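Both complexes shown next keep chain A, but they swap its partner, so chain B is in the first and chain C is in the second.
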Partner chain A sequence: MSASALPATPTEGLDSSRFAQHLSQRAYLPAWWLETKKAAFNQFTALPLPSRTDETWRFSNLKGLDLSGFTLPEDPASQIPNHSAFPQTAEIVFSNRQLVARSTVPAELAAKGVIFAPLDEALQNHGDLVKQYFQKHPAQLGSEKFVALNTAFTAAGALLYVPADVEVALPFVVQHTLTGNNVAAFPHTIVVLGPRAKATLVEFFISGGAATDRQLASGVNDLHAAEGAQLTYVGAQHWSRETLAFQVNSIVAERDARVLSLNLHLGGRQARHESNSRLLGPGAHSEMLALTVADGAQEFDQRTLQTHVAPHTTSNLLYKNALLDTAKTIFSGLIIVEPDAQKTDAYQKNRNLMLSDAAEAHSLPGLEIQANDVKCSHGSTSARIDAEQEFYLQSRGINPAESRRLLVAAFFEEVLEKLENEDLHRALTGLIASQFKR
Partner chain B sequence: MSSTLEIRALHVALASSPDKSIVKGLDLTIRTGEVHAIMGPNGTGKSTLSKAIAGHPDYVITSGDVLLDGKSILEMEPDERARAGLFLAFQYPSEIPGVSIANFLRAAVQARMAEGEELDATAYYKRLYAKMDMLKIDRKFTSRSVNEGFSGGEKKRCEILQMAMLEPTFALMDETDSGLDIDALKIVAEGVNTLKSGSLGVLLITHYQRLLNHIVPDYVHVMYDGRIVKSGDKTLALELEAKGYDWVKTDLAAATA
Partner chain C sequence: MKPPTELDAPPAPDADALAADPSVENPVAGIDQAVGDFTYDVKYEFDAGSGLNENVIRYISGVKKEADWILDFRLKAYQTFLDKPMPTHWATKDLENINFDKIRYYLAQGQKPKRTWDEVPDDIKKTFERLGIPEQERKFLAGVEAQFDSEAAYSNVKDIVAKQGVIFLNSTEALREHPEIFRKWFGKVIPTGDNKFSALNSAVFSGGSFIYVPPGVKVAMPLQAYFRINAENFGQFERTLIIADEGAEVTYMEGCTAPKFSTSTLHSAVVELVALKGAKIQYITVQNWAPNVFNLVTKRGLAMEDAEIKWIDCNIGSRLTMKYPGVVLKGKRARGEVVSIALANDGQHQDTGAKMIHAADDTSSLIVSKSISVGQGRATYRGVVHIPKHLKGCKNNTECDALLINTNSRTDTYPAIVVRGDTHAVQHEASVSKVSEDMIFYMQQRGLTEAQAMSLAVNGFVNDLVRQFPMEYSVELKRLIDLEMEGSVG
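== the complex of A and B ==
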């Protein structure tokens, strides 16, 4: 056996020696990228873990933020689950940070300048594009340390670039799979739509192997819609039941652009999600949607910011949680209307469906309005399942578990029906249903 | 094979006030192939009877029994009772926004299949469409949410559609005629008549005789203050219509008190 075939000795943990190794393996990438990573690693090291006094972590289980013992996985898994059984334009699949499958962009779209590439390739061939949009408007809602960790170690991810006036009907798909115990994933996906372009990207976050595998995931994405563009982003999180997960979305909409982001939260022991929309030009709209099935002792922690920078901008946030068992959800949302953003129309709603008396839903809506001619409203509701509806279903022979599944699906439908693509709608409905069959 | 639904000395109260009986010792035996009509004034316990048999959690059976082919159903959950062959056609069917008729019925049909058995979707839709055609329900309804925004007549037809799809042994029909115009009433009655020609037993709860012109009962029972005070054949319904419910209060109730 030759020496080169020997596996590299894995370095334990996410410490500076492991980082140095990670960096040295990427010497072929642009210098600015390596510098960005170095700065991020230093920032990660310098930033403290969130503490009790941090308002952005109110109600969160801080003891659960234990990063010790995690390491980078070395090899892709032999078996990779697949959730993306719907018509698509192209797909990129990662397993344990490695690119394991990839379908090419149809020639006709490539000829128009559409780029859909793994991050590594994008950095080599379209470095300027990545540099222009990578973390241009970071979310900064409390997870800065974990975002820095993502930047330091990210390897798996993708760039989707759709140039001006190109519309792509079928979704682009990025799938991240993490398999093994005590392993970590750091996905980073960038979507850039040029003026009047239209496209959908669906990102799956899935654990392979045992449901009890302890894992760490910190994902970030940058979504940018130029003037008049229509961007749809769906993130479906189905990590293992013992995963500590972070996901941070940064959304930017320029004049007359429309961004719909839908995040589906199913997996994880403790999953934190942050989403920040910045509405930069008149007519821009951000539709911020999320669906969560929280069961067992899961904690889902969602923090959002709708920043209206320009006048005549609109945003609509609807986060729906279904809570079972002793699960806990936290929603904290803020709408900021900057002084110039007159005629803003912003809406924020968190709705919780309580399927258990022992579940806990916290809701912290907020407004910060610096303009005087705006329409803003926020609200949160928590309700139990309607007993008459439940009896009606059961009187037709449907068992209590299935009745609940149907009523949760019904509760979620208001969000899912906002997706234009019916196949995608169906796939997500199926993924949610699978959560009730465990 | 013929089946029997026996209601024996049944007492029913609201779960919130279990000391106050609403149904006060009711006996009735229904066999498949028979239509029994229960008539009576409002507030006499007719709806309570049907909901209690179906297992509605708002009601408790304080004494007596309900037997399906000799076996008590009182320990069974509502969904188990339904799978055992009972069907309640609701007076006020629930609206369930977000659940389509097709998915709802599919779940109900699937619930009656063995573990691991897969529903044949093509056959299912073929059957669903045939039943919808029979009840003159537009096929577009399959994608509409259950009862959401339906007219009174549409809701009742949707109840009969469910009954047609689930093929119960016994149907408890609670004021299925209320809120129906005459055309809708005829469609609903035709549907019930088609189904009962098979092996179905029907308990028809109604306030008015009108429905019984279209679904001809084998037996008519007059209910008052939680009990059956008189039973007879279909002519009893006509007598009741002619004499009015005051007759029940003054003559019949007094006679059995």
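== the complex of A and C ==
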């Protein structure tokens, strides 16, 4: 970050005394963890807020990055919304940073060594595993300050570990809900799949209470797929309309591993999502998907990186945004092919569906290629609903509003259909449809 | 008159003010990048010395006998230059290697250089031969007859177009003789503070072409730039302003089609185009600077109602080129186009692209960019497409294709697209590929060597763009590519 950035000042609300209190509540956790948190808090304090000349924040609303006045809630809400009404293996639910519900992993899976535990519990019982994978490959796409803030204050989070050769069909679910005004949440989820393991994790980020509640959320994920593993990660974000949200994803795929990540962005006043896929072994594949419904005056800021480190790796990115009202979206993606990563096949596509005359789409699809025997391309389109398609539907007797709804649904379906799990597919489709019923 | 130091020295490597070694040997591609590096022993009548301060600017302005407002403009620009940071937060750090204190900002030749074709080094002659540049032009390009002898040819062009009312002068003359025409647009398309290098140019500019084409006049022959640039012999900071009045049409070509023999280290031009209602301007550049030149150029056109501006931009030489020709589509139905070819060889970074700023309804823009990276060369496409609020029916189509020749060649693409509203259609596509082995195999099977096959494939890659160039340029361009590709395989 540039020197011209605002000087770093301790953030009111999330200051050192609040941090000391947070730390003292966790004195029973491993020493390395407390040290990591301390270092992170210092880093958070030292790092400046992003400034105008930071390329990774180009086009972002920097004035909206106001962290002052937020507090850490200590009491769970009485009412907790639930989006996870589909068959699942196990679920962990947090409300206002407190663990409020959890279902245990079925005995047969537990016997095989599957671990699905809240972060604090995982730190006590599986500290070495957390230590090994926690921020092993930081995303580093611009939100380092907010990732440090997450590390300093994170408590609500989960570890999913699936050992070698174990396949779990139904998804694991983590729910984070935040209720109240001026409250903050810092979820951190770690998923580790051993060689040839297979699992799905679905994470929900939801605000309870009023849509006008001012909230702060800064979440981080470490997703790791070992040789031949198959990981599906779904993150569905439906924070309040006044939430400042960050979510930073780190995806690592080793030899022949396959990771599919799908992020659904619906809530927030200003929501930034960063995702970095690293393809470390030949045959690794990362499928990066995202859907955004941006309406009102929302700003969605998505930054991605596909890093091809090993030869014979593939990646495919498809980020779709539907823009209504005066909403604004930013997509900034980069494919990096490192010098040895010959035979890379990488694709990146951003499609913006413009549904309003005042909506604003920014697209920065980038490539940095340092090997020659590769197939890399990207595409970006920003356009309204295809008039011919609309006419076709209307000529079949479908009214204008309905034909429009159908075409928007079709726009999203191209992404959703990549999910194998039909129940999950249905749940997400319903969530998106609820955005258009206003 | 100060004794010239750097420029009259023989081409010793340490004469380069930038301490950069433009890798004379090319280990991968086997091309001698230094073919264009030679100098003549020239005595300059006017020399502002090295380094930049207000006195240097006053000196330049004084030599040119400029009006006070121009001197003010220059001095203000100098302040802006000092205030502006280097754009290194997004651009290559190589920019930090420019030492502004070692650069000579103004040199003018008072004497006619007396040189014969025999004095031109053999390798340069050979290069010209292979490029197929006609004898007459070779002499010109070699700098043998840079000044007065070519003035005749230039005058011919000037006489013909003058009959149509076209004004074709250098920047100094134009601002002195026709301030009523040029002052209005001078520095308006590209404000002084646009970037650090446009500010630098505004402070020390000299040379370049100022052209005015009256309403309805269609200039039949392309106006050539290298006459003007070389007329001052040192056109590092040339300033060009072309105004095509309503319904006028003009094509302008600049650059050299052969290796440049310049030890200069920084070339920072500003080119402004103004196409009034219904006018058409086509601006063609073939840039082949020596591999020790920082080529940092700001080019932008303003297209009014129904006007059309097309940049054809070809970058083959230089150490670092940063150039993003732009069009501000100011009037309804205006059209902007950038056609760009870049070839980056060892030690070179071609950071080129386009800017399309839509500012009126129903405007359209097209960007087609093709780059070739050879050896350890790096080609970058950087572009902006901007469609702001409350506009209707704007269209943009962008295509970027990159070809990588060697295993360690590098290419980047950094577009930025901003679209507001639901009545526009914007598309961007980019692809990266290498020459297919099948293609090479097929041609080898037909008796071509691998190198010939590679050359042919590369020419095929850019062929659809090269065809848009005027005949003589396209022929030379193809040969230049052959030359650059030589030894890049095997």
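We adopt the following convention: the second predicted complex is superposed on the first by the 406 of 438 C-alpha atoms of A that agree within 3 Å, B and C clash if a C-alpha of one lies under 4 Å from a C-alpha of the other, contacts with A are read in each partner's own complex, and residues count from 1 in each chain.
By definition in this document, a residue touches a chain if its C-beta (ideal position, glycine included) is under 8 Å from a C-beta of that chain, and two chains touch if they have at least 3 such contacts.
Worth saying up front: this structure is predicted, and the values here are computed from it rather than measured.
By the touch criterion defined above, A:365 lies against chain C but remains apart from chain B after alignment on the C-alpha atoms of chain A.
Once the two complexes are laid over each other on the shared chain, residue contacts for A:211 go to neither chain B nor chain C.
In the superposition on chain A, contact of A:377 is made with chain C only, not with chain B. Of the two partner chains, chain C is the only one touched by A:354; chain B is not.
Touched residues of chain A were counted for both chain B and chain C, and C has more of them.
Once chain A of one complex is fitted onto chain A of the other, the partner contacts of A:342 are limited to chain C, with no touch recorded for chain B. Of the two partner chains, neither chain B nor chain C is touched by A:49. Within the superposed three-chain model, A:110 lies out of touch with both chain B and chain C [touch as defined at top]. In the complex of the two chains, the chain A residues touching chain C come out as 2, 53-55, 58-59, 339, 342, 352, 354-384.
Within the complex, the chain C residues that touch chain A are 89-90, 373, 389-390, 402, 404-434.
Looking at the complex, you find that chain B touches chain A at residues 54-57, 77-79, 81-83, 87-88, 90, 93-94, 96-99, 103-104, 107-108, 111-112, 145-146, 162, 166. Across the complex, chain B is touched by residues 386-389, 391-400, 402-403, 406-407, 409-414 of chain A.
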